[in-house]
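You will see two complexes here that share subunit A, one where it goes with subunit B and one where it goes with subunit C.
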Partner chain A sequence: MKPRLKVLWLQGVTCNGNTHSFLNYPHLLYVLETFEFLYHSLLPSTYTLEEISTCVHECDILIFEGAYDPRMERVGTSLETLVGHYGSHAKYVIAAGSCASFGGMFKHSDPEHITGLGFDEKEPKGPFASSPKLINLSGCPMHPEWMGYTLRMIADNKPIAVDELHRPKELYSYLAHHGCTRNEYFEWKVDSDHFGTKEGCLFYKQGCRGPMTHASCNKILWNDVSSKTRAGSPCFGCTEPDFPRTNMFETKTNMSIPQDVPVGISKRSYLTMAGIAKSFHIPRLEKRLIDDNT
Partner chain B sequence: MKNIPEKPATTKKEDRKTSIMQTALKLFSTEGFYTTTMPAIALKLGMSVGNFYNYFSSKDQLAKELMLYISTILGEKLKEINMSDASVKEKVTMIVHMYFSIARERPELIEYFLRVFLSNREIFTKECTGMVCVSGFVTELMLFFDEGVQSGELKDQDFFSALGLFMGYLGGMVFLNGEEVLTKPLNEYETAIAENIYNALRKQ
Partner chain C sequence: MITRKWIERIEGEASVQFTFEQNKVSFATIAFPHFRGMEAILYLKPAMDALVITPRVCGICGHSHLFAAVRAIESVYANSGFPLEISPKAEMIRELTLSLELIQNHFKWLYMVIYPELSHLLQRPIADSCRLKGAYAASLATKVLAIFAGQWPHSSYMIPGGVTCDPTYVDTVRAMGILDELIRWFEKELTGISLEDYLNLSSAKDLSYVSGDMRDIDKMLRTAKMHKQGFSYDRYMVLGNHGFSNPSKYINRRIAKVNPKLVMLEDPYTVDEKTYAKNALYQNNAFETGPLARAVTNGVPFIKHLHRSFRDSTYTRIMARSYETALLLEHCKTLLQSLHLDEPSFIEPNKKITSISGEGIGIVEAPRGPLIHKVTLNKGIIDSYTLITPTQWNLSCGSPQTPGPAQKAMIGADSIETATFTFRSFDVCSVCTTH
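Moving on to the complex of A and B:
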């Protein structure tokens, strides 16, 4: 029988969100059968954190959750030492979530010292800057299927192509906009005035970053059911290096003109198209999808 | 002797179409939209009425294409200003100068906008609704305002409040000039008007 690959899941400055997200992975049993967890804070593990902190073991895959602060200690051993030791022996280093990838939310508490494992926002920085070992699964939290995909590819010894931010292309070449059920409202510039409704586009007023965010949330649905935008909440762009921004429930505009437009499209082209589309009134799109009164 | 290559048929047709539009613009803006007939435009061009309809199937279609034509011309000129390295304040002056220069050199362009497009909305409600026929020009104004706010020079406000202030002011002055009630030539108002517009739009 092929020996199981050894996984170590370490945590830095974190809220445990990625751990909790991963517990929703429908094929968790497959993961536990295929990999040996040397340590995970919630899953059955071979060693205690105290034993891991001695740095006498080795892993094949280091998964790191949370922002990286080299000075932070786990059972008396600094993250710099822990990540240095286990990362140098591992074949793959996976940053689970946006904090581990780019610094994310927790970077803001100490921007000078806290980074991701290989990036400080979009600038290469940290112990695995420019390392070919590094795979970033950004997101707040990352989608459990994204971790599942990555581990399965590693288990099957298949190559994982990554983008310039070390995110798997298979997962992050898409935009959160792709597959959004509100796309027709986006095309005809019909706004949504409220959260939680089925109708209207959230891009114009509610701060939706779907057209600027690399993520497959509307292709690989959450819990196989839905996504933020499908449920009526804007995409916050949580997979991008500039997350979190401020005023995330508002679309930044300059004289009513959106400051940011869909990725790769010039503002001149976008405004031309948007202005014309907005000129037409489509009664079907201005009504409720399901009208309780008829 | 070298043979001079003939223009392709499509280019010839486009040239002819442009010359029809220029003539139509002059007639519509001086004689009025409803009093100018398709045969009258054809006559002015020395064309048969039948041939004229090969270019424009109806008067409404001609009216719509004229507005697109004007918006494209103004939009291209505004784009040149937007793409320049000038400051926002300088660009306000350049836009005012550009608009008044066109009003002086090609008055039919502005007159058509003011006296036909804005005054006869019933002609334009179907295919020329909203931004459809003026997007070339309005898009460039949007980009100008967007840049102005991003640079911190202009106050962030509703787009149409700013648009009305800027273009309403310019259009009003050209209208008054056309009515011959101004006491000075239009170009002599440029500096004061540019300053007024900039002061009204700038961040306080």
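Moving on to the complex of A and C:
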């Protein structure tokens, strides 16, 4: 057996959501065969966290989950020391989740001191700001397949191209909107008039951020079966640096026009298209998808 | 002599200081050093945002937080004179996904914490792949959950008035297929007998029919004398109302009514350490919460029998949580079968949340026991938010005169290792305890 790459999974200010998301990964056996976990809070590991905190070991890949607060201590050692030591030896530093990537939810508990590993929202900041080692797997939580992909690409020595926010392009060039079962309603501007229906698009009233959010949630389904929008919940844009926003179940509008329009599409083009689409009355899309009366 | 030990792998860490007298633990303090300020994050946010924020209290029981948050908001509606109507379908789907979250939690705890720690204690190492069994079983449970909730962890599909999903029978059939697979796995790997036979066990003697990993765990627990230690107050508290739980307390061997208003918070006892966990008490008394509490107050025959023989030992506590997994699997099956999909998923509140002010409380049974969310809204904006989590009961840190349930259970242990194992039998979650 060839020597396994050494991985250390450290946690900062977190809910452990990425740990639990990753445990849904269907190929954990591959992961354990290919990587040696120096420490992980639930998977078999070589050392205890107390042993890790002495900073005498080294890892090839540092996975960090949660927001970064340099002063926070894990079993008596500050994150500054831990991340500094393990990060400087590692070849790759993977930020698991939006807190580790951009500060995320837990940045809000102390916005002055807390950031992501390399970004404070979208501004470069933190111990790995502008570091080529940094790979951000944003998402709250990140999808297990995204981590699976990243680890396997590293193990196979394949390059991972990243966007300007250090997110793998192959995962984050898609929008959450791509593959949503409500796409046709979006096209023809048929909104969902209330929650709890499979019909209609959630863009106009319910706050859906799908067209503004870089994520492959509707391509690589969650838990292999669904996604927020398929289950009738709006996308909250949890892979973006401004997550969490406020009023997440409502679309911000100015004079009943959505304040934000799909990425890379000018407001004018959007409004022209929307205006035309809206002017048609399409009975099929206004009815229930599965008609009870026939 | 005082020995300090970091206990890891409990969704974070706790620092426990053991006092030994005559080679036995005579007292222990429990401190949780991490704090995130969830309640402050919620302050002045629109009420609905609590449905996105509160699941992030905890990666393993976020769905329970979602459920408590939605019940809290619905209770504000009710208290301000606008009770919401929830369809039986939406109620059942909520209960189904909550039960599935409990199931995934219990599988992880059993295979990723209890089984390996027990083997370690007895110096009988188990294969690494054994831990993965827990992850596999849990992932099947969350798959079923996600069919309705969109994803796990961190779904926000429960909203005041119902649920956002609108499943078809194609979805429920798919869900049943995966649930069947999980039940088959459970029978093959964990119990070696059918779910039905396992649910029909009535006494400790019947455990001889069980094979599979449960047999091994049962034997090891006895070898480690876990049925003779880990005793706590034998007082239990259940506050969440579900098909699998009965809100009540058990004290002096009797089951009695409870009033959530009598739940109180107290500062923890500390000597020279910082801790962020507040103690949860009922009328000044410590109570144990979780699966054992639910089983005793609900009169589950097999667990009642074990409880009669072994009281609230570490053994009974562990058996109760494992057994609850079976009860919940059966419960999910029934729920899936009884869904009427022609009912509405969501009934729109006829008052906008922005015109709602007042107080509300939402209580659910999370994997580790009652989870309470209390909220005050001012025209739909959060004026205050209080979270009281199950681990604040079990892991409360009292003085030597008034130890919390886990503290009391560790007293008398002959080593730090056995005391720590008993500690873990409560299924400790650090992130929930401090939030």
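The rule we apply is simple: the second predicted complex is superposed on the first by the 290 of 294 C-alpha atoms of A that agree within 3 Å, B and C clash if a C-alpha of one lies under 4 Å from a C-alpha of the other, contacts with A are read in each partner's own complex, and residues count from 1 in each chain.
Everything that follows uses one rule, which is that a contact is a pair of C-beta atoms (placed from the backbone, for glycine too) under 8 Å apart; a residue touches a chain by one contact, two chains touch by 3 or more.
Predicted model only: the values in this text are computed from it and were never measured.
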{"item": "Superposition on subunit A - do subunit B and subunit C clash or fit", "value": "fit"}
{"item": "Contacts of A:287 with subunit B and subunit C, given as first, second, both or neither", "value": "neither"}
{"item": "Which of subunit B and subunit C A:49 touches, first, second, both or neither", "value": "second"}
{"item": "Contacts of A:91 with subunit B and subunit C, given as first, second, both or neither", "value": "neither"}
{"item": "Superposition-derived comparison: subunit B or subunit C, residues of subunit A touched", "value": "C"}
{"item": "First (subunit B), second (subunit C), both or neither touched by A:227", "value": "second"}
{"item": "Touched partner set for A:259, first subunit B, second subunit C, both or neither", "value": "first"}
{"item": "Degrees between the directions from subunit A toward subunit B and toward subunit C, using C-alpha centres, nearest 10", "value": "120"}
{"item": "Touched partner set for A:278, first subunit B, second subunit C, both or neither", "value": "first"}
{"item": "Lowest inter-chain C-alpha distance for subunit C and subunit B in the superposed arrangement, angstrom", "value": "16"}
{"item": "Sites on subunit B touched by subunit A in the complex", "value": "79, 129-132, 135-136, 138-140, 142-143, 145-146, 148-150, 154, 156-160, 162"}
{"item": "Footprint of subunit A on subunit C - complex, ascending", "value": "6, 8-9, 11-13, 33-34, 36-38, 40-41, 45-46, 48-49, 51-53, 56-60, 62, 90, 108, 112-113, 116, 128-129, 131-132, 135-136, 138-139, 142-143, 145-157, 159, 161-166, 168, 174, 342, 344-346, 348, 431"}
{"item": "Residue numbers on subunit A that touch subunit B, as the complex places them", "value": "253-257, 259, 267-268, 271-272, 275-276, 278-280"}
{"item": "In the complex, subunit A residues that touch subunit C", "value": "11, 13-21, 23-26, 28-29, 32, 41-44, 48-50, 72-76, 105-106, 108-110, 140-141, 194-198, 217, 222-233, 236, 238, 244, 246-250, 290, 292"}
